[in-house]
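Let me begin by handing over the structure; questions about it come next.
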Amino acid sequence: MSKRIGILTGGGDCPGLNAVIRGVVKSAVGRGWKVVGIEDGFDGFLHPEKCRCLGLEEVRGILPLGGTILGTSNRGNPFAFPMVREGKVELVDVSDEVCSRIKHLGLSALVVVGGDGSLKIAQELMRRGVPIVGVPKTIDNDLLETDVTFGYNTALETATEALDKLHSTAESHHRVMVLEVMGRYAGWIALESGIAGGADVILVPEIPYDIEKVSQAILERGRRGRRFSVVVVAEGAFPKGGGRVVKEAAGGKSVVERLGGVGEAFSRELGGVLEMDIRVTVLGHLQRGGSPSTFDRCIGSRFGVKAVELIESEAFGHMVCLKGRHITSVPIEDAIRSLNLIDPGGEMVRHAEALGIMLGR
Amino acid sequence: MSKRIGILTGGGDCPGLNAVIRGVVKSAVGRGWKVVGIEDGFDGFLHPEKCRCLGLEEVRGILPLGGTILGTSNRGNPFAFPMVREGKVELVDVSDEVCSRIKHLGLSALVVVGGDGSLKIAQELMRRGVPIVGVPKTIDNDLLETDVTFGYNTALETATEALDKLHSTAESHHRVMVLEVMGRYAGWIALESGIAGGADVILVPEIPYDIEKVSQAILERGRRGRRFSVVVVAEGAFPKGGGRVVKEAAGGKSVVERLGGVGEAFSRELGGVLEMDIRVTVLGHLQRGGSPSTFDRCIGSRFGVKAVELIESEAFGHMVCLKGRHITSVPIEDAIRSLNLIDPGGEMVRHAEALGIMLGR
Amino acid sequence: MSKRIGILTGGGDCPGLNAVIRGVVKSAVGRGWKVVGIEDGFDGFLHPEKCRCLGLEEVRGILPLGGTILGTSNRGNPFAFPMVREGKVELVDVSDEVCSRIKHLGLSALVVVGGDGSLKIAQELMRRGVPIVGVPKTIDNDLLETDVTFGYNTALETATEALDKLHSTAESHHRVMVLEVMGRYAGWIALESGIAGGADVILVPEIPYDIEKVSQAILERGRRGRRFSVVVVAEGAFPKGGGRVVKEAAGGKSVVERLGGVGEAFSRELGGVLEMDIRVTVLGHLQRGGSPSTFDRCIGSRFGVKAVELIESEAFGHMVCLKGRHITSVPIEDAIRSLNLIDPGGEMVRHAEALGIMLGR
Amino acid sequence: MSKRIGILTGGGDCPGLNAVIRGVVKSAVGRGWKVVGIEDGFDGFLHPEKCRCLGLEEVRGILPLGGTILGTSNRGNPFAFPMVREGKVELVDVSDEVCSRIKHLGLSALVVVGGDGSLKIAQELMRRGVPIVGVPKTIDNDLLETDVTFGYNTALETATEALDKLHSTAESHHRVMVLEVMGRYAGWIALESGIAGGADVILVPEIPYDIEKVSQAILERGRRGRRFSVVVVAEGAFPKGGGRVVKEAAGGKSVVERLGGVGEAFSRELGGVLEMDIRVTVLGHLQRGGSPSTFDRCIGSRFGVKAVELIESEAFGHMVCLKGRHITSVPIEDAIRSLNLIDPGGEMVRHAEALGIMLGR
């Protein structure tokens, strides 16, 4: 039976989003369905002109492109939508309007491609009767119940390439080069790019660092004839006893609140205990951009196909996910109950330390 | 207790081998062990000058390098070693010499990094009393019991980048561009790079192709206004009823024998039924080279660390492997009992077809 | 005064063509002119549906794309156009039709982006009264009167990257790796990528090679402990006294006729005099594809702008060109009177030899 | 006649330095000369252990590596050398020691690879009787008398790749993305990478910007349906009437003094007049790192060869340079008399504006 389904991308952009959109459109059109693209995340439901048909022509040539042809937004929570009233911005519940708009568009299902935040909104809309399937998106790899998502691999490549570049300049100038990468709560990008990029020190939010020990490790390298060091710092890293403000995560789990300029702060601290040239580079938005890697294009495309299969089998409330080499699905609520953090006593940390990497402790 | 362990790399080279070697050396040296590198695969045991100590200095800076600093060889089977006797090459069993050499070197364990072939040799040497742990290496991803191995991801990137390049020239000239990639028995590189590179047709050894149907698919694209097509052909692909010679694989499973120039042969066949400009590119050795991708550097490094952990726990006869996000181990014999082939009725093929890709059937 | 100008791309495609098209459109539209894109080279004039308006929207996002959005053709010489008559292909002069079509389209000038062949056609059409400005395009860098053209730099990057990849596998397997690159008459790609990629031997059409001397050079390397070699062969390279068929070039200069499979032929020859593993890779169409390099995007864009400036100043019959850091122009006839070949006694060859590279002599 | 020559690399590191070193060593050794590498710039002359022989083995495999195997230093001016005396850092003239050390090492010539600063020091040492040839090195392309130097092309690639990445995220989020690139006095990196990366606004030190006009240009784009913009800012850019501190350059020419955080400052300014999401990325040290591009490896290698040729012909006081496709030489003093700045009324600026790029005026 022919269907009409919607798709939107929410939250920060990420390489591979277009692969997902293309995967959904190609396999839906192959079944004779229609696809409606909602622009700029949930925000698009509030603007009729932002809902447009997506056919084969619209997704042509988008597989290698970064970003999302649908646009995205970090601000479109329908349950707390920012509206200007009497000159002030208020957060208004516009979920009724969104639900009626979905009905009006005749959508028999909605594909929500997003992270923690967007999937929680999706879960709420499910409760309001909207049939939703989720596609996980997180560049930080902090979502549970999926080995990884698209975008993460491309971000790792960008970070590792940056480390390769910093290595040669660190060695030529006998400097400490510090690279700040993404990872507010989960330090996966720092940890894996650090392993791949031959970092000497990796600092992640899950392991508060001891600046004295970091300094000692760098000095010890100097004694072995290595007059330079490369340090990767996740943006959420913080010193031991640092007294950072924490917030309650969905599942009641405390996570560290973001603080900007962590690379800078760490470098100043390090400069206080170590007499060496120290330079910081903040990778920032470069990690979100660029043509997706093979892995991300492949996983993204298959996630899109799987999302349509979930709709076909009416597995609403489920999210596609990767387990080993298989694309399967889990209830959205299982994926958002907490964050996928590095286990300080786990395998990957043990491997990093066996490779001689200093983890700040 | 201090140990002295050996490591060799066998078979075709592959990006990530140096990451494994470095991982073994760094974590062995960290335990106070010594490492002996055996050059040019098993062949190195027959030449005393090819066994040398590997310390931290020797593995410095090798993480981003392709190839293997130990060298490798496709010809060093100790049970059938090519020796020139009276002007003729004979295959001689030199395994006794290898075993006594290992004893002489004082190796309490040997790390064999290799594919199907090298691991079978390792298994035989195990039976002769050599304590071995395996590290799987296959650029084709045709080994069982591990999700993937290092090298495969880099090869996929190379193939996908080639597809991106062929796309623009195919479209500009309205041509059929054929890319021949590796994959003698297993078509994974063709299948995954084809999905990632937006190929229109993918031909793999596991699905004999029907040239008429391939031609029809390309013509059908023309009718929809796409005057070009991109085809990926695994080197082991063959036509339906093609009567290819097959050989018995280890587990008694029949696999297709390699035939060179598959891309060329297919293109001639296609040219016979289709009036279009057709051009072939053979990716060949480019797929084995280059700096390993982040994924391969990371997995390679961790495989190296894990191999040392296996030696420490005396889990001889085991091979490290990747399952989801975890590095674990399996008996070598489980991994080499057969090949990891694409299931023509499986998930990845279904996803490819849902994306509109023609698989030759 | 408002103008209406045409643009076409002819001959083999090349990274940077879209930058030229975008440059022409942006600067023409900025002057209030209209641009008509002619598809598939001169061929497009014979098909009314292949002439379409190009505005800012049409050139949006094309700067980083390889190929040409206008399509191209190797077969569209209006003075010898292949037409099927009574079942046979005849070469027919359709130049009257092309001229009248240009008049009919109201074009006050035509930008021809092409190589040797297309520029000669342009020159002929000039004589028939069509006001033309040329933009040089040659991936081989064999055009006179311009330091380089767009596309060449990207092709060099592709070739050098391939050499980097072959290096690690050559060294790991102790092999001679041969890379065949483009360069039918002029060996610039082989020479410059060989210098950049650290090749041991470079063979170009301008210097017939002595297989014995090549073999000696490789053996000599072996004596110094280098058990591998990397060889770059231009597709037009040939052995000394090889008796190759030659053809008359425009300026009466003899040049070597193309022979396919030069890498293969050379390797067989080398295999006859040298006992080593030898493997060939043919880079082929990969050299034409891909996103243009920074240099090519920049030069391409500026060539486009300059072409419009030439039209404005009515410098018809001229071709834009690069001299040092400046974009200037020369009469088309100066550029096509002969080919830009490597001088065997010149500076670049001397530099290569000083770097220890063997040039086959 | 056999010679013994020295080589050092001074100032900030730059991709291609190793190509120069390798070029010098290969062609000097080919002449039967000896080469002494001086580590860490002129600083190395003060430490006997920092002067070491460079033979073929030492330069093996360094062609594709970023940085400099000799190390470099920004602090080693022998005429004003920082020495700690009684707890304070004083600038001391140690040039006598350097000159006698050069004599002691038996160097018949010294190759100085460096920028503006190092070449001025070289010029002074010349006057003191040291026979020097220069090799220009400037990542900013701000040296006179050479079309470009090595390193610049690689830096452009890094900047353009960053722009490509920022484009997709800018478009997906409807943001203004600002990229700060190198270029304290000369804005070439900003200008050329901006042209190649399709930037909408480019701000260079040579053209003080008018924030109102920049803002208007971005709003005008919005009116044409482009809800995002990409801005490249050279680190030396400053607002019109900005009252920046200037310093006297060598030739008496005033140049703008560096101010850190230009991207940030500009963004805050822009945020004051424009209601849009604005994000800054500072490319920083990434521009100095990485494997050199083909162009830079080629030019670097040839510069090295040419430097040895200059020594052979005793053309001391000269610097190698690139003019068109030729490597030639000029007196060092001609190259350092002033800086190579963008001409606000020149060709490249005109081309950029014809491409629709806003240059802040």
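Letters A, B, C and D mark the chains as written, and numbering starts fresh at 1 in each.
Note that a contact is a pair of C-beta atoms (placed from the backbone, for glycine too) under 8 Å apart; a residue touches a chain by one contact, two chains touch by 3 or more.
Just so we're clear, the structure is a prediction, and the values are computed from it rather than from any experiment.
Undergrad: Treat touching chains as neighbours and tell me the shortest step distance from subunit B to subunit D.
TA: Steps on the shortest route: 2.
Undergrad: What's the farthest chain from subunit C if centres are computed as the mean of the Cα atoms?
TA: That would be chain A.
Undergrad: Averaged over CA atoms, how far is the centre of subunit A from the centre of subunit C? Could you give it in whole Å?
TA: About 42 Å separates the centre of subunit A from that of subunit C.
Undergrad: Per the centroid of Cα atoms for each chain, what is the distance between subunit C and subunit D, given in Å?
TA: Spacing between the chain centres: roughly 31 Å.
Undergrad: So the centre of each chain is just the mean of its C-alpha atoms; given that, what is the distance between subunit A and subunit D in Å?
TA: 36
Undergrad: Give me the residues of subunit D that touch two or more other chains.
TA: Where subunit D meets two or more other chains at a single residue, that happens at 164.
Undergrad: Can you work out from the touch definition every pair of chains that touches here?
TA: Pairs of chains that touch one another: A-B, A-D, B-C, C-D.
Undergrad: Within their complex, state which residues of subunit C touch subunit B.
TA: Its residues touching subunit B are 12-13, 15, 17, 40, 65-68, 71-74, 158, 161-162, 164-169, 171-174, 177, 279-282, 284-286, 288-291.
Undergrad: Using the touch definition from the top, list the residues of subunit A that touch subunit B in their complex.
TA: Touch list, subunit A to subunit B: 22-23, 26-27, 30, 63-64, 147-148, 153, 156-157, 159-160, 164, 192-193, 195-198, 293-295, 297-298, 301-302, 305-306, 308-309, 323-327, 347-348, 350-351, 354-356.
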